[in-house]
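The letters A, B, C and D name the chains in turn, as written, and every chain counts its residues from 1.
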Amino acid sequence: MNLTDFSSPVFAQWRENATSDWSAYTHHAFVRGLADDSLPQKAFLHYLVQDYIFLFHFSRAWGMAVLKAESHEELELASATVNALVNHEMPLHVEICAQAGISRQALLDTEEEPENLSYTRYVIDAGLSGDFLDLLAALTPCVLGYGEIGTRLAAVATKNNRYQPWIDTYAGKDYQDTCHAVGRLIESSTRARLGSSPQASARWKTLNRHFRVATRLEVGFWSMGMRGGN
Amino acid sequence: MNLTDFSSPVFAQWRENATSDWSAYTHHAFVRGLADDSLPQKAFLHYLVQDYIFLFHFSRAWGMAVLKAESHEELELASATVNALVNHEMPLHVEICAQAGISRQALLDTEEEPENLSYTRYVIDAGLSGDFLDLLAALTPCVLGYGEIGTRLAAVATKNNRYQPWIDTYAGKDYQDTCHAVGRLIESSTRARLGSSPQASARWKTLNRHFRVATRLEVGFWSMGMRGGN
Amino acid sequence: MNLTDFSSPVFAQWRENATSDWSAYTHHAFVRGLADDSLPQKAFLHYLVQDYIFLFHFSRAWGMAVLKAESHEELELASATVNALVNHEMPLHVEICAQAGISRQALLDTEEEPENLSYTRYVIDAGLSGDFLDLLAALTPCVLGYGEIGTRLAAVATKNNRYQPWIDTYAGKDYQDTCHAVGRLIESSTRARLGSSPQASARWKTLNRHFRVATRLEVGFWSMGMRGGN
Amino acid sequence: MNLTDFSSPVFAQWRENATSDWSAYTHHAFVRGLADDSLPQKAFLHYLVQDYIFLFHFSRAWGMAVLKAESHEELELASATVNALVNHEMPLHVEICAQAGISRQALLDTEEEPENLSYTRYVIDAGLSGDFLDLLAALTPCVLGYGEIGTRLAAVATKNNRYQPWIDTYAGKDYQDTCHAVGRLIESSTRARLGSSPQASARWKTLNRHFRVATRLEVGFWSMGMRGGN
């Protein structure tokens, strides 16, 4: 299994079934701009403040995973993820923004962009209309996509890159461990509901749709970031 | 297929897997008392006012089915059921209660009994934690059980029975048509998620649990009714 | 009170607090194109097929209103609205599309546009994170805005307008009656939660935000329609 | 302010408005049996295994609080509570049960009692039908009631009490700190939605009802525990 399969053959299949969208997401101009340091800082900061709002609602979506957990494993991992997002990643964001001269109050006053709003609300609704696994399929592109991008950029990014701290966060051991934990959760949650041949399940198509739509919404999110740089 | 399979082999299997609970529900002392006219009217009225509160929350649960619908068929049938419950069955209840000297205000002032509360909230949570089919499995014992009881009592009830109007309601064509519509919905919703061999699905056990727990909560509801007769 | 206040002073205030967005919505180029018959049919049809998908999820949102109802009035009106949307308005849509040469299958195969997705999911999440009234504030711009647009266009539209049937639907008595029923619901639901001085309530700001965001998403929806005409 | 007001005048009022139920809960025979060491161990263990199932669903309810959070403070405290419950309190339970000879598997195989089921599902539905504050009012009796009971029993319990570890847990600093954090959350969440005179709010009655019903369900939970001792 490939390193960036994150211990999950199911994820590897979802990704393969969404190849062109996945590529548009993980090789977006924004990502290339992070890799070669060409991304205008204004675009990066626009992305960053929107991402803070994103994290608020994405944490809410993981709170929904706690609510919809049907096993102890699902409950435990979802709870740990919520706590990591809210009480570690979000404060880190506030700190990075502060270093860039953006106050916490400025963060709180930022208006949510449509591409931001549509993404998190879609994920939450995927969970509301479906079960834990539907929610997980919609949560996956963000979590594991950032893990894949981080790993790749760590290998290819230019030296003295302004965006090295961002890259290090997602290429780092903590984040990569989270990716593998989520990968294992995908496997167990899929097995618990679809058995050992998930591709043969009547629900396979729906799960792939949630994954693909969320992947497209990631593309929109990067594009929204770029727009802020003009 | 048996008439009271209501066009649904899946329902027939759920029922068979919950045999002793299903029997405790459909042949409860309360039901036998309706059949032979021996049920104290006080018990019946206690049941009736609680059932009005039940219908409020059971309608909310069908509203949740609308919210969780993933196909046009699911959306349409859930919507029609919500409307039938709220704008037809509930007013009928108010009328029957009025004839028994219970005012609409008395209905609204009634405190919800624990056995009543636990039933509807369990059904709603089955839908919240799972998907449309989990919700449907928890909704089924009430809808189809009443259809089965109505049909049987229509055949065996004593003459000049005080409870004939109740029996006629659930044995009547309108209600039986609803039962068959719900039976067909169980089939299509199951097929859409579990394929053509649902018993082989990893989720089969969970669905049977929702069905069985809801059946037991029906037993508790009848017992709560009986208690009101003392 | 103005006719297009639809019996609701609370609505009139929400609208006033969102004046520029409301104007952008109700006087959008798409709407002006309906009024003077200049809207390209391709744009109209693009709007129409997206609107069918919109109605699916908007009906789900009204199903959520049934689920979140806290009074009999709220339950009854939400149920009637769900049923009207699903079992009357949606079939009408299928019919209109068929007349324009768009088959039901083509409708079902249509991919949901981002502006469409973001709108309904936002409304549903407003209900999920808040209570019945938060949901209602997010549902209102669509329901009452179309009522206002219909009334105005009925008065000003050019003769022999291709879009007369659309205008007639929303200017017609049935739809206008629905608007007044929803207007009264806004009043009673607001009073039940915020008392008689809702503007003084701590929640007033949040309700106005839901109304304004949903209004902006309406603007995006029209723009999405226009885009289909190119 | 009284120590067991836990920094929350709003809680103190909810409690006062539910005096007789609160007293029935906090001075239940089960609690007296913990205090004077007279509670049969069989009753305690029955309570303990049921409480493990309770914690699963109560954690889900706090996950719902994360989902329904409308401010950073609400998000942060709900997330921390979820994590404390799931990744600290639940493992502690497994350990205590193991010491009493109850294996983790036995815990997982335990069937949920009706009094257990009704409680957590009611709390979850209070959150689903209402907003964050409705949910919080239904979560409060368990969290703060145990804090109050723990504090009192620590002062009055007999020496060499078998139940000292249980008492120490809830009288201990960690748990008492959680109680004060939840108390402050009640204050801020109430102020954010009902302003500075919450008792004057149209929603005050509903919040008191959620608090009172949850308190009564606590009484049922103790009684269920006692039953296991026969």
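Of note:
Going forward, a residue touches a chain if its C-beta (ideal position, glycine included) is under 8 Å from a C-beta of that chain, and two chains touch if they have at least 3 such contacts.
Keep in mind the model is a prediction, meaning the values are calculated, not measured.
Shared contact partners of chain A and chain D comprise B, C. The chain with its Cα centre farthest from the Cα centre of chain D is C.
Annotation: 34 Å between the Cα-based centres of chain B and chain C.
Separating the centre of chain C from that of chain D, both taken as means of CA atoms, is a distance of 42 Å.
In terms of their C-alpha centroids, the spacing between chain A and chain C amounts to 32 Å.
Multi-chain contact residues of chain C (touching two or more other chains) are listed as 60, 67-69, 124, 128-129.
Across the complex, chain C meets chain B through its residues 56, 59-69, 72, 75-76, 78-80, 82-83, 85-87, 90, 108, 124.
The touching residues of chain B, when paired with chain D in their complex, are 60, 114-115, 117-118, 121-122, 124-125, 128-129, 213, 216-217, 220.
The touching residues of chain D, when paired with chain C in their complex, are 67-70, 128-132, 134, 191-195, 200-203, 206.
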